[in-house]
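You will see chain A twice below: alongside chain B first, and alongside chain C after that.
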Partner chain A sequence: MKISVQSKSGVFEYDCGDDELLLYAGLRHGLTLPYECATGTCGTCRARVVGGDAVMAWSDAPGLSYVNRDKNEILMCRAKARGDCTLRVPAAVTNSMNPEIVPGYRQGAIANVHKLTHDVLGFGVALDRPMTFRAGQFVVLEADGVAGGRAYSMVNYRRGADRLDFVVKRKPGGAFSDWLFADRVDGARVAVYGPLGRATFAPEGGKDVLCVAGGSGIAGMMSILACGREASYFRDHKGYVFFGVRTERDVFYLDRLSALVEAFPDNLEVTAALSDTPVPPALRQRFPGIQFDTGFVHVVTAKRMAGRFAGVVAYVAGPPPMVDGALRMLVLEARLPGTDIRYDKFS
Partner chain B sequence: MIEPGALKSTDLFHDLPDRTLRTIAGFSSSKFIEEGDHVYQLGDDANDLYLLKSGRIRFSLGVGNRPGASGSLILPGQVFGWAALLQEQPRRVATATCLEDSELYVIPGAKLLALFEKEKAAGYVVMRRLATMITRDFSAALSV
Partner chain C sequence: MSWKRVCAADEIPENTLKTFDVDGVAIVVANYGGGFRAFPPFCPHMEEPLVQSGLLDGGVLTCSKHLWQWDLRTGAMVGIAEKPLLTYELKRDGGDLLAFVDRELEYEYDVGDDVSDDEFFKAN
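Right, the complex of A and B next:
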């Protein structure tokens, strides 16, 4: 089917498969269509159908609260065309996406499922063809028998990766996390679409890096740190990592973070913040390269970074209350401009 | 300058003396913003309070990569951008985006605060209502 997009910067056309989501088809043609979550929750990919017909594949998508159904508006990430159609998008669009990271479809197989904590799993997806992505990006995974796709940030970083690594926190009532936590998902097939996302790190940035993560929000930060390590970025730039969890039994990846501190002892600092309990002495002894503190991660960050925010680009990821708290702190206390704050707020 | 009657119908300014509303209307202005454009973004200087005359604004307390369905809709007649009235909070901690072509009344925060220094009774009423609005916005964000 032919899709025509009327944008603030001109008209663009692309082919869309019969059963393909409008956003995914446009992005894989290299169009910079507006989106953020790509899974129906944020409303950013809102478009008006001005010709032809499109139908929402998820009629209860939370992002629909920002859509005016009376004006035939849809969410491109959860809508499919019923024949050729014309969309009006209230944003500037270009067809000059970096070809290396144009999103696409892949098939994968779940591999190496392993427990990181009582409610956090690590797992990999072995891809049928390599994917190049930017540190901090995510993909949408779909599994047979689980309705809808779920977005997960890559933990690893490699150009032309043939495996993507992820972490998942068990979500009460979450169909996808329940499926992953079930026995014998190793080898299960998944559909992969990506890479997606703009809260990314590139070594060409040239600024000191601040990572503020809550729980499984550490995933994208690990990719950023892996990219930085590969480029020896922290030889000449500072890196500050703040990882917040509730208690000692919720910590993970401290061994990997310790190894990174060991690689860049002069410039890389990692602080683990426990919000619900004091820091056990045994934990400090186990990980001497990690600094520990108590309190909410954004409060610990403000305290420990006081006077050191100048010249940083900040990455924030985690549950909404934690991200909102961190953003307020970064804007009001750290005085960072909006352009130097990149965030990933898990729905 | 804008019509004082437009202020009269808002939650923030209703019941204020007509003289006060005329003064506020006198130093305010009108602005038109296209669908998809931002009124302001996270980190911007918070200079102005806004009254939405027509259109629809999406107000999000921190919208970014992969956000949830947080935030709220601003509809005609509603006031937003209250950070302009908080002297200790001179920058935006949210993003306001037009979901359709919108006309806004722009009320300079500094001039409003200077007016309330002189008209303390009106200032007390407005600031008390402002506190209720802030509590409502934060509660809505934390409920997601």
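Right, the complex of A and C next:
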């Protein structure tokens, strides 16, 4: 099917498969269509169908609160065309996406599912063909028989990666996480679409890096740190990582983070913040390279970073209330310009 | 066309925003320290209610949804903002703030099949 997109910067046409999501088809042709979550919640990919017919594949998508359904508006990330159609997109669009990171479809197999905490799993997906992505990006995973795609940030970083690593927190009623937490998913097939997301890190940036993460939001930060390590970025630039969880039993990756601090002891600083309990002395002894503190992660970040925010680019990821608290802190207390704060709204 | 009383100036603490109903028109007034600004209640980007999403500091208003910013001292867009903030003219009358409201200011959120092609394709 032929899709014509009328954007603020001109008209673009692309082919879309019969059962393909309109956003995914446009992005894989290298069009910089607007989106953030790519999974139906944020409302950013709103468009109006001005010719032909397109329908929402997910009629209860939370992001529909941003659209005017009476005027035939849709969310491109969860809509499919029923024939050739024309869309109006209220944004500037280009066809000059970097070809290296144009998203595409891959098949994968779940590998190495392992427990990180009582309610967090790590897992890998072995890809049928390699993917190059930017540190901080995510993909959408979909498993047979599990409705809807879920967005997960990559933990690892490698150009032409043949395997992607992820973390997932068990959410009550979350179909995909329930499926992963069930036994014997190793080897199961998943569809992979990506890479996606604009909260990315590139070593050319030249700024000090601040990562503020809550829970499984640490995933993308690990990718940024891996990329920075590979480029020896932290030889010449500071890296500050703040990792917030509730209690001692919710922390993970402290071994990996310790190894990073050991590699760049002068410039990399990692702080784990426990919001609900004091820091047990045994935890401090186990991880002498890690700083520990008590309180919400954005509060701990504000306190420990006071006077050190100048020249920093900040990455934020985690549960929505934590992201909101961190953004408020970065704007009001750190006074970072909006251009130096990066996050993707997953929810 | 008329000047209408919105509120007493001391009802709005520094660096906060409040919504008022002015003859059926919802208006947000911000106290940015050096003065006040009055504008429609929603972010021009994606209709986020600014009383909840708006952060005010150093004269700059930030919508925390996507970090669009405006300098309330000058009315200028800051950083990654792509649309100006529409404002109502505001003046003080003793302890009161009066806004000039002849019609409700609204943003064009429509993707626009009811606007001409020329209008749609022009830059924001």
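Please note the rule applied: the second predicted complex is superposed on the first by the 344 of 347 C-alpha atoms of A that agree within 3 Å, B and C clash if a C-alpha of one lies under 4 Å from a C-alpha of the other, contacts with A are read in each partner's own complex, and residues count from 1 in each chain.
One rule holds for everything that comes next: a contact is a pair of C-beta atoms (placed from the backbone, for glycine too) under 8 Å apart; a residue touches a chain by one contact, two chains touch by 3 or more.
The shown structure was predicted, so the numbers you read here are calculated from the model rather than taken from an experiment.
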Practice item. Evaluate whether chain B and chain C can sit on chain A together after superposition, giving fit or clash. Key: clash
Check your understanding: So, does A:Gln6 touch the first partner chain B, the second partner chain C, both, or neither?
Key -> second
**Study point:** chain B or chain C, by number of chain A residues touched
**Key:** B
Exercise for review: Answer with first, second, both or neither: which of chain B and chain C does A:Pro62 touch in the superposed model?
Suggested key: first
**Study point:** Partner chain(s) touched by A:Ala47 [first = chain B, second = chain C, both, neither]
**Key:** second
Exercise for review: Using the superposition on chain A described above, determine whether A:Asp250 touches chain B (first), chain C (second), both, or neither.
Suggested key: neither
Exercise for review: In the overlay, answer first, second, both or neither for which of chain B and chain C A:Asp208 touches.
Suggested key: neither
Point to revise | Partner chain(s) touched by A:Glu269 [first = chain B, second = chain C, both, neither] | key: neither
**Study point:** Contacts of A:Pro90 with chain B and chain C, given as first, second, both or neither
**Key:** both
Practice item. Name the contact category of A:Leu332: first (chain B only), second (chain C only), both, or neither. Key: both
Exercise for review: Scan A:Cys37 for contacts with chain B and chain C and give back first, second, both or neither.
Suggested key: first
Review point. Following superposition on chain A, which residues of chain A contact chain B and also contact chain C?
Key: 8, 43-44, 46, 66, 68, 71, 89-90, 324, 327-328, 331-332, 335, 337-339, 341, 345
Check your understanding: Inside the complex, what are the residues of chain A that reach chain B?
Key -> 8, 34, 36-38, 41-44, 46, 62-63, 65-66, 68, 71, 89-91, 136, 138, 151, 197-199, 316, 320-321, 323-324, 327-328, 331-332, 335-339, 341-347
Review point. Which part of chain B faces chain A closely enough to touch in the complex?
Key: 34-36, 41-44, 56, 58, 61-70, 73, 89, 91-93, 98-100, 141-142, 144
Point to revise | Residue numbers on chain A that touch chain C, as the complex places them | key: 6, 8, 10, 43-44, 46-48, 50, 66, 68, 71-73, 88-90, 324, 327-328, 331-332, 335, 337-339, 341, 345
Point to revise | Contacting residues of chain C [partner chain A, same complex] | key: 46-47, 55, 57-58, 62, 64-69, 78-80, 109-113, 120-121, 123-124
